[in-house]
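This is the structure I have questions about; it appears just below.
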């Protein structure tokens, strides 16, 4: 799947990291896939909403998209799944693009040291969430989006379709409805922050957009495509549109590194060593700046809500390729 | 200052990041130095022990050591200072080398979300500190060292002298004594963990070694030298000794990235984007894998205990050079 | 205002505390009123909803109702005010009467050590509130009431009218509406507990009843009347109806003693030494078992949300009369 | 065992609670003893120090001392045991007597909502313990005693001997030594507070006195004697010495009520309804103002560190006698 490649002369990237890699990605994907197959059956599919619990637990796929324009895949890499919290990166990017540094008065950029839906720090820190990747922080960025865009749901859709170069991507309204019916913890978070005046729009409107963004259905190839702009200095490689400045893209990567996986972030940095983001649908995406993006999907989760096989696959990927940002 | 360079054919680094950089580091250091001079006078010298409070607050120096063997420096880069918590990286490396993965049963590898000397999480997590860079975690690694080495203080000295290629480095016994007299918070931490049986040696013996390691006097050039092994796949470039495996070195860098600056780690990742470690003496060291290490020293701290000018200088360094791991 | 007095031979009270008191309550009330007048202007009227903020801050009244049938009062003792959290005692009593010990699987009976609307302990304790007098606990008892009664609002009204022997008592719908519009923290609490499955009814329905009970308008005389059953072994002295068993009444008093004033409970026990309950409308009620109940109202609050003059008046009352349960 | 009885005309008690009780205490004690015997074997003897773990778990005794001069007892009421935290009431009384209200700048008077040796609140509240009955608070009162008395250990001994009217009472140095060797948590607490400057004396000196006071050996009769001054308006009934003012005595009782049993205080208030204090040696003492004091001892503890049989026996005592302060 070819795209408009960034010019090698682009001034922004002159001193940035680059690779002269001759890796056989397809063979490595195949090896990883086989070595991690035994993990199937060990984790636990997210069951807090029926719509997620019904996913076939044995699904497993991986896709890589390189900046040189190559796509590699294995397994169920073209089966769409609910991306859940991976959507937080999209909404953060939309809002960061519009608000710039102003955004950080509403949400922090430090690891929380606690689980994805904790309210504890929020109480002692006056309703300012630690970072945009815990639920509270994502609800704030969604609230920001509502203040900026008249049709936030359709804007998100357009944004994600553009990034993934796939105009058929859509919401799963059944999942969004299901989350709304059982999303009491998120309702608690948004009401709590509204009490601190850190939510500006109607709480139900914020929750509606939030549950929709979580319900977005993408497959591994879509997500590898969609995250490539973060490996590409903020520029969408499919159409050369500048989504974020190079500096902003670096910062989003840095944030994913320190807090993209909640209280599993240190473990992910330690074993995988790449900026990444997970979702309870079982997807995990990681970015290697200036090189590629990779997405793994397996719905069975560890106790922190990270895909068990996904985490292991990415660890094997960095081990086998020797690629690391560290 | 030449050293035995790693062979470019070293198999470990084949697919790792590398740079073809033609940067004029000396000029950039000079620019940074001048642009950050106005920050002098804005922070606050650590005053919890008299020996630290007496440091001349106007000191300011920067040093770079590249893997290609060049050293660059500006300002007070050869004035020794108390490295304080930067020593945690040395002791962690000594212990990680000996114990390997076994170490992680005694200390975690997640950000704590709290300040460097907090006891709160320790209570709910049964005396297992979140990571080896908060005080509690460093006391555990020091305790591990006591279990492994008969003469821990002299072993640390030998280790740091070897890494920095400077046999004159020594402890400041005056500072060590001063810390012992006022180090009640650290005494609380070590007793607390002893109560959870996560300290195996005598509490006073652990504190004695800990206060000594914190009192180590190095200058910016020494520290840039000493951290270069982490940019070099774990190999001490001065004598080709393997300190850590390449995988372990990556992991120490990853840990520094997510928790090297306590509750300033996210901010550091966000603005600087490099693995680093700070000390309340005012030193900050950062590592660019496969390229260089850099140390800044200015004793005036922000409210998180990070050198104010040090943080800004490193931010400018990545901005001006365009170098980033993200 | 005469009522049917409990027989002195009532077997339940044979060994309970009683008094041979010849106190001139009216004169003492007058003294207290004058000595505490200087406190007016020092506290802060609750301003989180406009309807409360508009109360005239200078209101001040006290009423005593003895078991021997005498009523004493001073100041604005017949001006109705929003009783707010004092209503928690009524709903607890209604639910305790119906559910008995079963109630305590849904709510604890320990002091929380934190403020009235904190969520922190709730998160670590799986949605079981520490006690029925913090907001979270009161929302649970209200939820219990919804499960028991078809018309909870009218049942509460009937219950409070019966206890206070005043059929004109009513809700202030304006205040209830106002709370609903701004009660995000309570909405957060109820959603949070719903996420732990400790709220059984619809969250909006629970909040509606809760905001109504808080909006009940009673004056000091009404409240002194209404709390007398807790000084009378659980029996409503106005009609000899048994509201709670003697043992249950003792227990409600004990709970008020240890947690009736949130994180001001220790202070209240220490300075006043009586079981009591406060509300942010400025009312405070206290009970002296087997003797009397007393209500003070002054809308200006201390930083814990307790009426400043109310607390001082009750301290003076126990000092001047020498009455104490301790 | 006769003592100088307080005059019935004592002005302080005119309006205080009193009883015309014709209870057959001896028979009630016998009943309680038999009904609670089945609890033996269900709890767990404190085992954190060998000296305590070696106690015969089957010991069980109760003693009552009335203000009218009668003593009643059953079981092992004359077997001395380690009173542990019950000693906190003695040291608090000594220090409160000397410092008066000034004491409360160093220690609070609110329930902590957490366990007896927690450090969590201490960190957020700048080293000021919530109350004098959690370990941290007791270490502060002990520190106060060291500042006031030259020979604190011998002063404590003299004080307790006077209150219990038993000149043979002594420390158990074996237990004190044993606690010192394993008391890391208390060492953590005292160092932690020293770091906040809320300990004025040498930490080892404070711990030495603290471990000694905990090792005091009294039996049930001794303790019932020793707590009677709190039922007697602060006056030692054995020699008419005024230990505390009547107001101070009430306040110590109020504090015991709200926080005498750590995070079991609400439960104790709810089921027993009397001010009381427990120790991990298995003793529990309760006070009925103006009437009597009662001590139960059984070394088998519930999960909060309260004597299982002790709690039940006191509950039965208030049930059977109908006596309650509520």
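For reference, chains read A, B, C and D in written order, and residue numbers begin at 1 within each chain.
Everything below uses one rule, namely that a contact is a pair of C-beta atoms (placed from the backbone, for glycine too) under 8 Å apart; a residue touches a chain by one contact, two chains touch by 3 or more.
Bear in mind that the values here come from a model prediction, so they are computed numbers and not experimental data.
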| item | value |
| --- | --- |
| Label of the chain whose CA centroid is most distant from the centroid of chain A | D |
| Between the pairs A-B and A-C, the one where more C-beta pairs touch | A-B |
| Inter-chain centre distance, chain A versus chain D - centres from mean C-alpha coordinates, in Å | 57 |
| Between chain B and chain A, distance of the C-alpha-averaged centres to the nearest whole Å | 31 |
| CA centroid of chain A to CA centroid of chain C, Å | 49 |
| Chain C: positions in contact with at least two other chains | 124 |
| Arrangement of touching chains [line / ring / star / complete / other] | ring |
| In contact (per the touch rule at the top): chain pairs | A-B, A-C, B-D, C-D |
| Contact footprint of chain B on chain A as seen in their complex | 12-17, 19, 21, 23, 108-114, 121, 130-131, 247, 249-251, 253-255, 257-259, 263-267, 269-271, 273, 275, 289, 319, 321-326 |
| Chain D-facing residues of chain B, complex | 118-120, 123-124, 184-185, 187-189, 191-192, 194-195, 203 |
